[in-house]
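A, B, C, D and E are the chain letters, set down in written order, and residue numbers restart from 1 in every chain.
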Amino acid sequence: MITIFRYAPDSGCAESHDGQSLVGLPEDGVSVWVDLQAPTLEEAEILSRVFGFHPLAIEDCWHEPQHPKVDDYGAYLFLVVHGVREEIESDAFDTHELNIFLGRNYLVTFHTYQSRSVDALIANLHRHPHLMARGMDFMLHQILDRVIDNYFPKLEIIEEKIDEIEGAVLTDARPELLTRIFDLRRTVAHLRRVAIQEREVLVQMSRGDFVMVSEKAQVYFKDIYDHLFRIVEVADNQRETLSVLVQVYVSMVSNQLNHTMRVLTVIATLMLPLTVITGIYGMNFEFMPELHWRFGYPLILVLMAVVGGGMLLYFRRRNWL
Amino acid sequence: MITIFRYAPDSGCAESHDGQSLVGLPEDGVSVWVDLQAPTLEEAEILSRVFGFHPLAIEDCWHEPQHPKVDDYGAYLFLVVHGVREEIESDAFDTHELNIFLGRNYLVTFHTYQSRSVDALIANLHRHPHLMARGMDFMLHQILDRVIDNYFPKLEIIEEKIDEIEGAVLTDARPELLTRIFDLRRTVAHLRRVAIQEREVLVQMSRGDFVMVSEKAQVYFKDIYDHLFRIVEVADNQRETLSVLVQVYVSMVSNQLNHTMRVLTVIATLMLPLTVITGIYGMNFEFMPELHWRFGYPLILVLMAVVGGGMLLYFRRRNWL
Amino acid sequence: MITIFRYAPDSGCAESHDGQSLVGLPEDGVSVWVDLQAPTLEEAEILSRVFGFHPLAIEDCWHEPQHPKVDDYGAYLFLVVHGVREEIESDAFDTHELNIFLGRNYLVTFHTYQSRSVDALIANLHRHPHLMARGMDFMLHQILDRVIDNYFPKLEIIEEKIDEIEGAVLTDARPELLTRIFDLRRTVAHLRRVAIQEREVLVQMSRGDFVMVSEKAQVYFKDIYDHLFRIVEVADNQRETLSVLVQVYVSMVSNQLNHTMRVLTVIATLMLPLTVITGIYGMNFEFMPELHWRFGYPLILVLMAVVGGGMLLYFRRRNWL
Amino acid sequence: MITIFRYAPDSGCAESHDGQSLVGLPEDGVSVWVDLQAPTLEEAEILSRVFGFHPLAIEDCWHEPQHPKVDDYGAYLFLVVHGVREEIESDAFDTHELNIFLGRNYLVTFHTYQSRSVDALIANLHRHPHLMARGMDFMLHQILDRVIDNYFPKLEIIEEKIDEIEGAVLTDARPELLTRIFDLRRTVAHLRRVAIQEREVLVQMSRGDFVMVSEKAQVYFKDIYDHLFRIVEVADNQRETLSVLVQVYVSMVSNQLNHTMRVLTVIATLMLPLTVITGIYGMNFEFMPELHWRFGYPLILVLMAVVGGGMLLYFRRRNWL
Amino acid sequence: MITIFRYAPDSGCAESHDGQSLVGLPEDGVSVWVDLQAPTLEEAEILSRVFGFHPLAIEDCWHEPQHPKVDDYGAYLFLVVHGVREEIESDAFDTHELNIFLGRNYLVTFHTYQSRSVDALIANLHRHPHLMARGMDFMLHQILDRVIDNYFPKLEIIEEKIDEIEGAVLTDARPELLTRIFDLRRTVAHLRRVAIQEREVLVQMSRGDFVMVSEKAQVYFKDIYDHLFRIVEVADNQRETLSVLVQVYVSMVSNQLNHTMRVLTVIATLMLPLTVITGIYGMNFEFMPELHWRFGYPLILVLMAVVGGGMLLYFRRRNWL
């Protein structure tokens, strides 16, 4: 689907869905935003026919996965950023790619999946058509700001899951937990890697490396950079916590082993001496005076109870039970 | 609450709590310090109305958490630093944010929670009103110096707790200790991260990157930098010690397991041969001469004592008991 | 074997296999590609006789292994890149070396093993002889692009093997798996190291460090750089996953030990008390009233069943069985 | 205590202990070295009164701990270095601080504890008064050279202790060793950190960053830098060795556990079958022909010896004993 | 021993062993190589008397150990490199130091131990006296090239030993292997550290930092750099492999423990129930009908065989035997 917003100071903002209406780069004073969502090959033809973008950049639009980056092609910038998918039940950090071309007076967005950030900007434009007058770099900021802000709910979900696992590890260390920890670790590593690369992109945007980004807009990109800085920091924290959880898990398993061993030792230590005692009086010697005592049997039972009870007490003292 | 100090060489230092009294940037030769503590929206309006600060910087004041940073907005600097909260019983490194604007002849501080550093500076101003004559950069130094110095008591508390855990791990390695170690590690990591970011801020302040910071003041910021350098170093040390403690814990648990196993082995090794001996003389063979010996029974008891005692001796020699 | 392509705008592209036909550097307007596949010493003599390459570069062609690099010799570049061998059954990342000289209007490729990338370019030249008109840097891009793209199938095979091992570790952690994990880790480390070095080469090619690489071609080398960036990222991921698998393996072994210990404990705990009971009634005391009861024997059997069953129930409750 | 050396080419070197004799910076052609050892406040007043050093630098002299550093105050350098304390029995790397001011023609040293390096230089001056003619930078080199050379004996003591522990770990891995390893590791980490910071100082001294350091003297500071480079390297080595020792310790404990388990298994495996055999012939069945054999009892004893001996042999073959 | 080669275009190359024959720096057009092998103090005096080298550099010649480095003294370079000792049986990487002074038209080598690289160059000079005409930088290259090439056999020996240990760890993990692994790791770490420092030296030599190194010679030093690059890479690999071997060792020990535990469990699980059965029929109850059955005894033996055999089968199914 193709959506075109054309803004001229005198005629205002006009929306259209006909790619053929565009025949060349917008004239001076006019600004154009073209959004291509899961475009047909025919619709996407606009990239080369109207804007004359470099074949490699167009190829990058079609071929996923690309890592987040910004390429300077002289007359325009080509950006790739990763938006987080809305469905948030899964443990994974699923992203879709948003390819953006930023020219002096045009902006082209290309994405295979529906983008909440682009949709929000379209809705915003419907309400405030004069938004486009603030410049294409500002429009880009609007999109990027939302893309990055959508990372935070994901971070919170991960945080909750980590808390949940933390409680579970300390009460019952089962192998399933380990698998869940490693899954989360992979998610965090993915998110962190994407955020670091996008932070790198935002550094360049806010540093004045590119002529398409006005000095006024740089401050705004610096603001997104700060958000990404924080995202990376939180992800670093989570990664550290997950590493610690693995150590706690291993330690808990080791503690359980220790506990099992103690129970075994206690049982064996209580029962084996009693077995020896019963063994002694089970021997068939002819001359064993105790066997003929009137209270030999109850005496031995008492002895066994005393031995067993004494050892039990001893173990309790040593905190083995 | 809003507090305004206005200093002019001739009229001295005047304190006021009325935000409306300020109508524009202070004229040359006059210097102003505005402190906003948990301000109402109305009071905070001064930021844009009088000083014309950038909307993004004002937004950063309201939105926590921000990482420590310094942004150069041309006519003024915007700093975020983290003060440590006073309550020191908890294991966590709880911070509140202090947002500071430094202009050529004005200083604006914005904080939601009460700040000991700001309070101390106010008290100081009451005693020495001419303090403001030394320049706004020097006033800023006064605040930052106290903010950073307040980190040291926290470091000492952490140090004590580490020492406490260290003793406990070597005597009795219980799982609760592991949880406490990991909690402390998180605290240290947090403190270290904040200190590193603030060290970065202070490097810029002491390097002459900004025109608001006079050359004379740079030496003072270098001094705070040295304190932060030391804080990071101590935190690095503590982090290392905590990692080592985890290793010691794991090793102690393993030693306990080893000890339990030895006890089990000793018991089994002492008792099982005795069981076999009693078993032999419990057999019902018709022709077993020993059974009819006059002293067969006591002889066997002596044999069992010798076997058991001999093994005990052997184990003592091998240090198994 | 030597293959020479000579292109002149008027006469088109001519193929020859006679090294003696070349007597000097190609004149202006003419471009030449010489491919040396497992050349004889005589054929390779062309490197010094015709092109006058530096003895050290020629020596590097003959002596494997060389790490991927680009050396600037002024009039020409000398590149070493590693192509992946086609046979893909093995776990190893077997590479062959491709040595390339890039001059202003000539390209020389030297390789001991057959190269799929070179063969593909030859086939391409047969179909589109005018390809050579686009410049030697473009020809080089064609080769490098295919060399690097051939890494991806290898990455996918590694990915599959990792998935396979992941499943196996969780169901049955046997020592053979550990050996396989370490073999894969070595493969990934090798691939990653090669890719990082080649990425370094491509950075230089796309940055305009060399006069032989036109500005137009730089964008294409940047594209290969992006592929290598992604390869390194995937390899980083795989390395991380393999480290995690080692941890999972160790943890699974520890779990198995735990499980074995529990079984042992359960058996010992069930049987040892029963042994003590039978031992008691195997004693030969004269006065043991139970022995003369009519239902003493079945009563004791019932007692033993109750004791054993009770303990079984208890163990089930504690999840030990 | 205050010691003043005043050198003038014509009058030579004069020693005094009266701080009041100095009234201002030494005139041209005269050079002065002031050493303050554990000075009274009155003696230390010379720092501000005569030399006019910056209050922050003077504060640093009084407040320990400071990290090694060099601060450029324009007219003079302020250095902090750490000397190693002489007592060498303890495991710790105890240092005292040496604060040094280096001006064009004066040198001020300030230290709370007695410094062997300073004492040695004083002794040297008594013998060769013209040493001061070589310049203040050369005097500083004399002190720093000795400070750093005093690190080597400490390194050797650590080396010896590591060797000692290495031997002990392999013969008997007791928990005390672990504590000693971690103590040494802390010592090495401390020494390494100090050496790295001082290396940083020496880099600046030998690079010509400061005008007080003549080009001729830079080579000498480079020489001290080389020593520090070596110290850091040795410390790195020791740190690595200590990490390895922890691994060896853990592995030895695990081996001991293994060995204990084998002994237990062997005992249980030898004794339990014998118990079953004796149990069989302890049964009270009416019809058990073996019981009535003439040689039943010795036959069974032989059988038990064969079973036990056979298993023993088997275990020896498997290297379990 | 002192060896002097003096080369003049007209008179050719003259060898001498008399240090007194040299009275000053060689005149223009003449070049001199002085080799000092384990020189007497008198012979070494040539360093200061004839060449006037800096006292610190001369001191470095005498004092080992020095780390590999290159110092620029203006008129000459001072290099320290480490040659590997010939005896190759030991596990250690034993090096001797080679100190080299490179001037515009002179080269001085100083070494305590015999150097194979220097000997080879002397032999070469005997055969090709005109080698010296190519310049002192080229002579230096000849020496360094051989010094570095001598590292490769050492690397191969380490590789073989690693392979050997790898096989041994997987078949029988004994503590001696761990000691050998750690010894090898130390060797590899030493070699790697030396190679990295020498690589740093070669980077400077090949980058044109020094006027004594002609542009033509830089390519040759770049070639040695490539060799060192490869050496470091191989050493990195070996280090990684050795770390993995430690993990494999620990894992194999853990597997052995697991195996031992299983055997113990199987024995206990087989024997304890049989003990209970024999215990039951060893009880002395008056009324136990089974005891009076004609085939009670064989029936019980069969029951015991069935119970034992059934459990054996079950264990085989679970792969416990």
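One rule holds for everything that comes next: a contact is a pair of C-beta atoms (placed from the backbone, for glycine too) under 8 Å apart; a residue touches a chain by one contact, two chains touch by 3 or more.
This structure is a prediction, so every number in the text was calculated from the model and none was measured.
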>> Moving step by step between touching chains, how few steps can get you from chain A to chain C?
In response: 1
>> Return the chains shared as contacts by chain B and chain C, ordered by label.
In response: A
>> Starting from the defined contact criterion, work out which chains touch chain C and chain D both, please.
In response: E
>> Can you check whether chain B and chain D touch via the same residue numbers (shared by over half) or via different ones?
In response: different
>> Report the inter-centroid distance (CA atoms only) between chain A and chain D in whole Å.
In response: 42
> Distance-wise, how many Å sit between the C-alpha centres of chain D and chain E, to the nearest whole number?
Replying inline: 26
> What parts of chain B, by residue number, touch at least two of the other chains?
Replying inline: 250, 254, 257, 261, 264, 268, 272, 275, 279, 282-284, 288
>> Around the ring, starting with chain A and passing to chain C, what order do all the chains come in?
In response: A, C, E, D, B
>> Under the stated contact criterion, what part of chain E meets chain D in this complex?
In response: 54, 56, 59-60, 65-67, 69, 71, 73, 175, 178-179, 182, 185-186, 189, 193, 246, 249-250, 253-254, 256-257, 260-261, 263-264, 267-268, 271-272, 274-275, 277-279, 281-284, 288, 290-297, 300-301, 304
> For chain E, which residues count as touching chain C in their complex?
Replying inline: 170, 219-220, 222-223, 226, 229-230, 233, 237, 240-241, 244, 247-248, 250-252, 254-255, 257-258, 261-262, 264-265, 268-269, 272-273, 275-276, 279-280, 282-288, 320
